[in-house]
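Some structures are shown below for you to check.
In the two assemblies presented below, chain A is common to both, partnered first by chain B and then by chain C.
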Partner chain A sequence: MSTQAIGEKINAPRMRWLLLCEAAVVLPHVQHMHIGISLLCLLIAAWGYLITVRKWSYPNMWIRLALVIIACVSVAYSYSTLVGRDAGVALLVLMLTLKLLELKTHRDVILFVFLGYFLVVTSFLFSQSIAMAVYMLLASIGLTSTLVMLSRHDQGLHVFSNLRVASTLVLQAIPLMLILFVLFPRLPSPLWFMPEDKKSGVTGLSDNMSPGDISSLIQSDAVAFRVKFEQQAPPLSQLYWRGPVLSYFDGRTWYNRSLPVPGSTESIQHSGDKTTYTITLEPHHKRWLFALDMPVELPAESFINPDYTLLANKDISQLKQYTVGSYNRYQIDLELQYMQRQYSLLLPETLNPRTRDWADQLRQQFSDNNQRIQHVLAQLRQQDFSYTLNPPLLGRNSVDDFLFNTRSGFCEHYAGSFVYLMRLLDIPARVVLGYQGGEYNELGDYLIVRQSDAHAWAEVWLANKGWIRIDPTAAVAPERVETGIDSALPERASSGGLSRSSSPLLRNLILYWDSINYRWDRWVLGYDAGKQRSFLQRLGINSDNWQDIAIAIMVTLGSMVLVISLWLNLQNRQRHKDSIARLYQQYCQRLARIGLQRQPHEGPTDFARRVSQKRQDLSQEVELITRFYIQLRYGRNPPEQLFSQFKQRIRHFKPRSGRRPIIA
Partner chain B sequence: MSSLAEKLSTRRLVGPEQEPIILHRRRIYILPTRYGGLFTVLLILMLIGAINYNNSLAFALTFLMGSVALVSMLHTHRNLSGLQIRCASTQSVFCGQEAEFPIVLSNRNALDKISVNLRRMDNEEININVPAASTVTARLSVTSRQRGRLMSGRLKVATEYPLGLFHAWSWIHPDAACTVYPTPEKNGPTPDFELQGQGEGQARQRGQDDFSGLRRYQHGDSIKSIAWKQSARGAGMFSKEFSGTGVKSLWLDWDMAGSHSLEQRLSRLCAWILLCESAGNEYGLRMPGHSISPGKGHRHRHCCLSALALYGSKVT
Partner chain C sequence: MDSNIKTLIEQANEIILGKDKQIKLALCCLFARGHLLIEDLPGMGKTTLAHLLASLMGLQFNRIQFTSDLLPSDIIGTAVYSQSNDSFSFHPGPIFTQVILADEINRASPKAQSALLEAMEERQVSAEGVTRELPEPFFVIATQNPAHHIGTFPLPESQYDRFMMRIELGYPSRQAERRILTGRDRSMLLQTMQACVSPEQVLTYQAKVPQIHVSEPLLDYLQDLVEFSRSERMDGPGLSPRGSLALLRSAQSWAFLDGRDAVIPEDIQAILPAVVNHRLRQQSDASATKDLAQQLLQSVAIP
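Now for the complex of A and B:
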């Protein structure tokens, strides 16, 4: 039943509304689409608008075909592919816009709306924030109201009335959606693997480090991950979140060259307290899973490489939750293999002559490696080294420059130079990247680790002790590890660090918002196969049994649909008018009980007359009730209090059989 | 819609029903439209995407849209249920004119019924809104193609509101018919009138010459003959009666309209009746096996024309 005649053009107000819908669903994509594609869309949309408003003719099939080819070519040119997420979305946006040029029939408009829904879903591939979810919910209501508009037979717009209907539908659908969201079986792995899109502009650690890398990361308040401890959280100064290990130095940059193969956790000899915690890691498109030194109980689908970095089986391209158990006292690699030892001592020749001299001097001055290390740390502490976010640029001999000239730097300078010096002293050493500390959010009882908590430290290998963590930054600026980055860097706190700003109200607001985001991440975005299994287990449903789940879905969904359907019928009932009829019927039944049956042909007045004739004693009451009834039922705007009076009369109307009332 | 659904949904309906027809849930059928089917395909694609990217919000939106479709089914059903339908009396038409079936739709519910579609035999249709607690009349016009009784027949009441994803319908069979008179012949011969009752025996003959008294107004009396002064007193309408010689009481005879075919003959008689009526003459109709004594006025005219319309048909 197509209510709109075939071939009829869509009118201008409707076209404006469709353009608004299109703008709403395309807007979130504009920021990551190529600018050329956006401009092309704008051009096509303007054309579509003019077709409707200026009554231009629709482009014929050949022109449309040419436009489709142009769209494909421009997407292929901009993204050098037609498949994958980014190119696919760009293509979808173009197709939706091209649909504006052929909105001739009812069917075209419906297809346009359906494409719009699809575009809404794709925007979640880019962002799943609360704001995006709310925005897209509103956009879906807008699209749904377009369907409402199309199902009406008239050509009007009825924006508000349609939006109200659409919102009602969506609100009533939300309980059903929640049931499906919780119960619909989630798969632990995808049906097939999607090609990964190149991710640009994600802030996070990279697998190399040159001077200035981390200090630029420090500017970002973006959350790296959030941690929920099962027990009391360890003090901030002990929270070293281990990331990639950098062992290769080319004179300026440290590189991670470790192979992504499993090492063995058996070489870890651990003791002391175990800390168990769950990390909700924001996607960083690398394989590292950050963990406290030293992770022993590993999450599923992960392993520890020979550098003791926890790695996932694939890139973290989505929010990832995992639980790790770590021990704070540990010994690793008591025996260092020859190859690894050589590798951990490798240095470029000839650079940094002054540092080499100092190393020779240290070698002569102390006999023991331990003493040499202590001396270097003491030098860092005592000399006029400063910890700053904006260190001066370094020359070719960067370590020399730093240790003897500028003497101001950031953690990467300290860690890099320290490891360099250690290697000159024949002590195997390496740089470890990761995060240090975090901010405790009392509102949600969890720790927020931001990009600004990024840190670099050193590990040295000593005989009989294995690899030992040494943080040279802590020697220069102990407050960095004890209380966090802002107390160590006053310039940062004043410049950007919103979350740690001085206003306590603002800080609390930010922490509150963060705790909401954390819950969102944990329970909504992180609701996966594992979470589902444990949640269903608590409800007594075995999630391995597909039949159980199917039954659970059908029963809950069915009863919910029943409730909604009853609710809809209740809404539909005319309560007031119905109750008038019901009360009158009650009155008729009472009269029938004493032998005065109302005949089908008898109107209320005729019936009252007959009753009055037969029972003089009831006549007054019966006439009153009948008058009220007629006034309520057929009168124009009966007074409000009349209904309650009518109700009371009926309630007290209890005729008894017998001609005369009994007089005692 | 598949023919199977049509067959199943019309199974209960064998003949005209008692009015008013109430669309209760046992006689409302509902199936997805082809857009509903397309929407399902869209949802499946969205679900596959959500599973593959393991994207929680994509899951949520897919489930939300699926649930919206499910809820819209209940709304579509509600948009029809409880509607009371009857057919008001029809106006007779001449064959070839548009016959109108005034379908009276009453909505006793608290919510409006929007875009209800009434359709007769996949041809004529009309869309109408029935606001809450009110009654509207949908005039379903049907082109009359042959004289006789034009039955409303089976009507389909349907709706796709609010989303167009579901089609709810109910078949109704109102007991409504429209009399279709034969088409009056154009430019046919005027009848060779057979005058009757010219003798003296007629005590009172109505004419237009001399005023002879007042009588109660009858439907069909000429507007010129109404006694406005007397009628204005509020005791009812009166017509003036005149007596005179101008009375012509005519017999329109079947044999007079001798012509080639039955339908032509009926057309000619029809044209004559109209002619007599407009001239203000009294006329009678004589047909094989049936005769209507002379008279005039609206009712008489209808009586004669109906006789022509139904000539030869079993229904009388």
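Now for the complex of A and C:
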């Protein structure tokens, strides 16, 4: 019976170890699998355990078939499909667990372990963080140690010695891993469709803005993107990371209605200093790429739309790295087209009467648009406007309420009201969303921009100047743009998350961890086809030519094997050397048995001479052995085959005391 | 073995009878670029040995007889005023030669002794502010009467270290003495002696010696010996690193003389008494020296 076969290989302690391995592999999936699937797995695993421990009989083929169908149906019911990342992984987990019900032969266990390896890989479809990589390395060591266990002749568990062997194996595989990581051809886009995460879970800017949106985003310490400047970074107050442009207002919410088509970049006239920087953008499932004003040198697969927002060709659903060159002096849209002008003046008809009155008043008071803008900004500065994270709720006439009643708000209130007022004054204006400032991480020499740096500002169009940026928040709370959100909002700093902690040690630790993560993102996750090409080109390998790549892989692997074999050879020699001494010892012991004791300080030749004198019948053999011994132990590079000859001689050297020499 | 060396040893054995081991040790010391101290009573053939080695290898030979009034300039040389070109010119002393016999070195004052010993170590001489290289090969054979003889300045312990080997010639055997008595005059024989080896060959031999292979187990053995000499189980001072280097080089040289390309433990055992005896002994008792080397050899097992 096959049960006997399993009895040899899998006993209760080994079963517990297998279950532990499975648990380790499945654990990362539990958080996103349906609870029902997890419970089903638990049930099956318990059954499998009882089969081994209580010696229950294995379920027969029909029951197993029924279980497989149940598994498929439950997955299909939970995910309404059997394919795709989530459903596929759930199915795989279930099948791995079902395998526990038929661990009859050696082959079954091996299959179980290999399925486990496959599940390890699937974990990276969900998370590619350092923690996950380390965890999965440990899980692989666990699985490998199961293989080591299976190859043992006894039925013991030997957890620690298995783990030691497995860790050595895995560590030895690391050079191979690195070579393949660097050299294995990467595809510019994945072969398979990467499913997107549920978007609700992601924090980030959206394409519309109503009061309260940004202030809720500000609570999050999540990283939006990280920036590496090639030159000296500009001061914080100039870092306006421009995102979507909101031009349509329905009385409460500002909407982005710009078309995702390339605009004319020829209308950009740039001068001044160029700043080049590389941004590592966390996935936000929108198309815009943040950049400093005004991006001129664009990354691949991106374009600038008519609102001068940098857009990628598709949604950013994976970590994205791109390099932009921006000029800090620029003029855009010196000539505003009629349609766009009308669009930038569009307002709901009837709302906010007091603001309309104020606008009429301003129109009479000043003749020049510039003066009007300056006056409004001065009003914001001088009146008792306050900058707060928790503004009071606004009524139907939200702009009126804000400008004349509550007078306390966050950047979206200021930007929105300011643009509203500008439009009332017939000045084309729009709201821009993005991030402002950031935190400089000196440990890694890069800038961290978090969700809490989210910001909204305004752009107005003036004749002969084009679109210019005006930040009304800067008029109210200049410290917001100069030193960052925390100094502007003490309430946030005190209630804030870890990254705003006041303890310098903790803060440094967080920055340190962040810089490690940044490097991971930049060098491991960000090592894509483009980076591979440029890296290989520096090595003189043309990555477009698959033959070159194949040769490079062969050469590196070959030299690795060569180094390892040389090392092993050296080890072997060392072992030979030890066995040379041992064999000589054996020879001396045999001579001692016939009364010829070698003194500890007696050299081999002296000893051989003494033996030859006493026993001439042995002299030929002894001299030969001594010659071999001296050559092997003291000689320079003894020939390989000499050792086996020496061994042979010693093995056959059996002097007997009976045969006395003829001479007395 | 190099056939030239073989003839060399055979020839030497013809002149100095029954002293095979001493002659081989002297050659060993020469090829290991060391210097030799011969310690024995007068009339035992010390001078003959030195002379013999020089003439068999076609080397320039000088002899300095050390006396209590010998001055350093008598060894090194001195600047002499020359009237013809109105300047001082250096007249090199007897030390500017390839083989030098410093006879009865312990009869000279310490000042004169150290002039020689420094030249031995540096292989160059500084006089009148100019450093002059000594010729190559440069081999000093110093002889010394046993320390208790009257009118001697014993070499300080630290100076003994500068000699790679110290040997004694000892009385000849009865047979050998008979041949000395009946045979031709030794000095006459010396005159007729042909050189078997050229000085250039000596230099190549000297260059070959450090290339003789020394295996790990052998280095272990050597270090065990040195460590034992430093331990409390041995009386007196232990071997200095210079001493262990001398052991290594002379063992290599010995293996070379035997025509092998690798050192074996027997090589170390062969040269060990000559190399370590004068380093280990205390000034007071010269008699116990032989025992020290034997004690060392018998206490340390070959690994």
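We adopt the following convention: the second predicted complex is superposed on the first by the 545 of 664 C-alpha atoms of A that agree within 3 Å, B and C clash if a C-alpha of one lies under 4 Å from a C-alpha of the other, contacts with A are read in each partner's own complex, and residues count from 1 in each chain.
FYI, a contact is a pair of C-beta atoms (placed from the backbone, for glycine too) under 8 Å apart; a residue touches a chain by one contact, two chains touch by 3 or more.
Here the structure is a predicted model, which means the values were calculated and not measured.
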{"item": "Contacts of A:Arg363 with chain B and chain C, given as first, second, both or neither", "value": "neither"}
{"item": "Comparing the two partners chain B and chain C, which touches a greater set of residues in chain A", "value": "B"}
{"item": "Touching partner for A:Arg341 - first (chain B), second (chain C), both, neither", "value": "neither"}
{"item": "First (chain B), second (chain C), both or neither touched by A:Leu176", "value": "first"}
{"item": "Partner chain in contact with A:Ala133 - chain B first, chain C second, else both or neither", "value": "first"}
{"item": "Touched partner set for A:Val561, first chain B, second chain C, both or neither", "value": "first"}
{"item": "Contacts of A:His601 with chain B and chain C, given as first, second, both or neither", "value": "second"}
{"item": "Set intersection of chain A contacts, chain C complex versus chain B complex", "value": "577"}
{"item": "Residue ranges of chain B in contact with chain A within the complex", "value": "33, 35, 38-39, 42, 45-46, 48-68, 70-72, 74-75, 78, 81-82, 108-111, 114-115, 117, 119, 127, 132-133, 158, 160-165, 167"}
{"item": "Contact footprint of chain B on chain A as seen in their complex", "value": "1, 3, 110-111, 114, 117-118, 120-122, 124-125, 128, 132-133, 136-137, 140, 144, 147-148, 150-154, 165-166, 169-170, 172-174, 176-177, 180-181, 184, 186-187, 190-192, 194, 318, 524-528, 561, 564-565, 568-569, 571-575, 577"}
{"item": "Residues of chain A defined as touching chain C within the complex", "value": "577, 581, 599-606, 630-631, 633-636"}
{"item": "Complex interface listing, chain C residues touching chain A", "value": "213, 215-218, 261-266, 269, 297-303"}
